[in-house]
Amino acid sequence: MKDHVYKHIELTGTSAVSIEAAVTTAIKRAHKTIKKLSWFEVLETRGSIDKGKVLHWQVTIKVGFVVEG
Amino acid sequence: MKDHVYKHIELTGTSAVSIEAAVTTAIKRAHKTIKKLSWFEVLETRGSIDKGKVLHWQVTIKVGFVVEG
Amino acid sequence: MKDHVYKHIELTGTSAVSIEAAVTTAIKRAHKTIKKLSWFEVLETRGSIDKGKVLHWQVTIKVGFVVEG
Amino acid sequence: MKDHVYKHIELTGTSAVSIEAAVTTAIKRAHKTIKKLSWFEVLETRGSIDKGKVLHWQVTIKVGFVVEG
Amino acid sequence: MKDHVYKHIELTGTSAVSIEAAVTTAIKRAHKTIKKLSWFEVLETRGSIDKGKVLHWQVTIKVGFVVEG
Amino acid sequence: MKDHVYKHIELTGTSAVSIEAAVTTAIKRAHKTIKKLSWFEVLETRGSIDKGKVLHWQVTIKVGFVVEG
Amino acid sequence: MKDHVYKHIELTGTSAVSIEAAVTTAIKRAHKTIKKLSWFEVLETRGSIDKGKVLHWQVTIKVGFVVEG
Amino acid sequence: MKDHVYKHIELTGTSAVSIEAAVTTAIKRAHKTIKKLSWFEVLETRGSIDKGKVLHWQVTIKVGFVVEG
Amino acid sequence: MKDHVYKHIELTGTSAVSIEAAVTTAIKRAHKTIKKLSWFEVLETRGSIDKGKVLHWQVTIKVGFVVEG
Amino acid sequence: MKDHVYKHIELTGTSAVSIEAAVTTAIKRAHKTIKKLSWFEVLETRGSIDKGKVLHWQVTIKVGFVVEG
Amino acid sequence: MKDHVYKHIELTGTSAVSIEAAVTTAIKRAHKTIKKLSWFEVLETRGSIDKGKVLHWQVTIKVGFVVEG
Amino acid sequence: MKDHVYKHIELTGTSAVSIEAAVTTAIKRAHKTIKKLSWFEVLETRGSIDKGKVLHWQVTIKVGFVVEG
């Protein structure tokens, strides 16, 4: 079995709707330039508040992808 | 640009529905007495279980707000 | 008031839908063999990605239950 | 089942006798102004030393209580 | 010298009296089914409060024991 | 020697000048309402950037003070 | 794609030779009773010393395996 | 309100003068290639010593910036 | 007010009786060679078990003392 | 002495042989595009298991290198 | 290239002026007895407060130096 | 059973060969002046890189030994 190298980058995605949607925002954007994204890990979940309501969920993730040989 | 001071308090909100709803429960209640809430950070996500089902999501957040001069 | 002993186990549940559903997957399965599950805590939220989309949410929880006398 | 909101505050209690007594010092004082204290968690155990003896145990706890609707 | 394998389990013991008694509660119960317990480590010290008094000390420990060949 | 109880609060002070000045901003403001502040601990040092320059140092501190009997 | 549940257990393996061998000791033993081990993570690397030499490497790992439906 | 994606990178800046100057060194250099830097967080403060004096402050920061659509 | 320098050392004290006694064991011994011990912080509480009973409490502390000019 | 800026990236290297070989896999690959790699730090050591044997060591490292003026 | 051994000690320096000056206080004192100090890392930044002003910055550092053969 | 006191010191050993050899370098050196070393724990694994190769493994350990009565 061949050895592999993966690279990890850290992104924050935002969404007015949910934590899952904020993660999806970040992954969808990263996919535009990096095709081989294979996993993510949630590092931090924050948000902005306006008049007692959550304005934006801000979820920071670490995303990993294979680095080609 | 003027210097500011922010205070942070720690709250746990609960909800039978979702993590997002538990956060909203806490923020809505805090907003009754503190009008300038501006951000939050999720510190801990726990829950109670009854007969193999999640009874309540219990999400602990740190909430920040501006302290007036 | 009687003293109690609780045991904690660590599980990862997966779901294509949401973080909450992944937690529920793990708790439902554990409930088949352990009837007294009483609380959980989310330890880690990860996921697998395929073609720029979240394929599976993988949520690791610690679950606690009473150990009978 | 109704949703709840809990607030957490951080206190340090001291005692010349024991860790348990230092925790009790802090809780007893907090109870004077907050009647609904329901749980605590030990965050840090420190102490001052004088002539090779523990002068005071200083135990920092986080205490939680229900915030009325 | 022979190689060994140890397993660790996580338990919470409770006591109305002290932290040490809560640890003992957990170890005594575990000893009923696992004879070779050899060490423990305190992971968390919490408690429940009633009317400004500690009702129960709740101490979570990790306990290790040799796994027979 | 009498037992004491200390309370800790968490604040963020900002300054365009330095980390020390941001801490001072927070302490000076807290002193307006709490006279017995006795110590602080830096929890987090962040800042905002504008056009490649630090616009504001944002330093989060935990501040402790004696709670009167 | 079907949802899965994984369980994690914590083990310490020892070896007089190397860190890798200590991990292998733990996994080989666990494999005797759990056939579906699929991954591990090193949590802690310790050792005992005798006369200025490492007597045993003691490596604690978390091991994960699929829980059958 | 539109959703955003932020990327974070980790840099260490050095300075013979102060912690603030070391942070500035890193931000100024990053600004040459990334125009939209918006915030930073100090992760680690270290330094090299020569003949009992601090030769260089080495401050590691995480810097965040908006990723264009 | 004069500037000071403190040194910290890490010790583990043991006791068959209690956590407090284990801390005292360590401090009493350190006091034999270092007269100016002024504070300590509990880093870790562990113990050895024999036949389902705590044989020894092993408490690791960091101890600080003034370094003379 | 001139001020410097270093950048850190996070990589995972794999190897069927050892932890050291997995680190080397990652560094060798990074060296193809970044010539000035100067240090690394191990962040996480994991692995995949097949039939009770370690199939691949997966070691995550942070690698630092000088950013040219 | 020869193998080396470094030892690390933990010190707290104080200063009425700044964080940098508190670090310098500690390093200058350590240099009196240990000539080969080569690096430090800031572990904790605290301070004492008097009448709403920072009386002393108290910075704890880990200092490393080569241990001669 | 008699109470004991252990002291812990922190060392970094280096080796061009392996992590295990770097640990051994540190322990062998410490043994020259402290005969009763009894255990160690790996705190950090780092290394220096030259031309895409690991020049030195740098492993930081905490070593414990009995302090004579």
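Here the chain labels run A, B, C, D, E, F, G, H, I, J, K and L in written order, and each chain numbers its own residues starting at 1.
The definition used in the following text is that a residue touches a chain if its C-beta (ideal position, glycine included) is under 8 Å from a C-beta of that chain, and two chains touch if they have at least 3 such contacts.
Keep in mind the model is a prediction, meaning the values are calculated, not measured.
Enquirer: Between D-I, D-F or G-L, which repeats the contact pattern of C-G in over half of its pairs?
Expert: Looking at which residue pairs coincide with C-G, the repeat is D-F.
Enquirer: Where the centres are mean C-alpha positions, what is the separation of subunit I from subunit L, in Å?
Expert: 22
Enquirer: So what's the Cα centroid distance for subunit C and subunit I, whole Å?
Expert: So the centre of subunit C lies 38 Å away from the centre of subunit I.
Enquirer: Calculate how many whole Å lie between the centre of subunit J and the centre of subunit L, each centre taken as the average of the chain's C-alpha atoms.
Expert: About 22 Å, centre to centre.
Enquirer: Pull out every residue in subunit E that's touching 2 or more other chains.
Expert: 9, 18-19, 30
Enquirer: Please list each pair of chains that are touching.
Expert: A-B, A-C, A-H, A-J, B-C, B-D, B-F, C-E, C-G, D-E, D-F, D-I, E-G, E-I, F-H, F-K, G-J, G-L, H-J, H-K, I-K, I-L, J-L, K-L
Enquirer: Considering the complex alone, what residue numbers of subunit G touch subunit C?
Expert: For this pair, the touching residues of subunit G are 1, 3-9, 62, 64, 67, 69.
Enquirer: Going by the contact rule at the top, pick out the subunit H residues touching subunit F in the complex.
Expert: For subunit H paired with subunit F, touching residues are 18-20, 23-24, 27-28, 30-31, 37-42, 63.
Enquirer: Under the definition above, what is the set of subunit D residues touching subunit I in their complex?
Expert: Touching subunit I: residues 18-19, 44-49, 51-54, 57 of subunit D.
Enquirer: Tell me, which parts of subunit F touch subunit B in their complex?
Expert: Contact set of subunit F toward subunit B: 9-16, 22, 25-26, 29-30, 55-56, 60.
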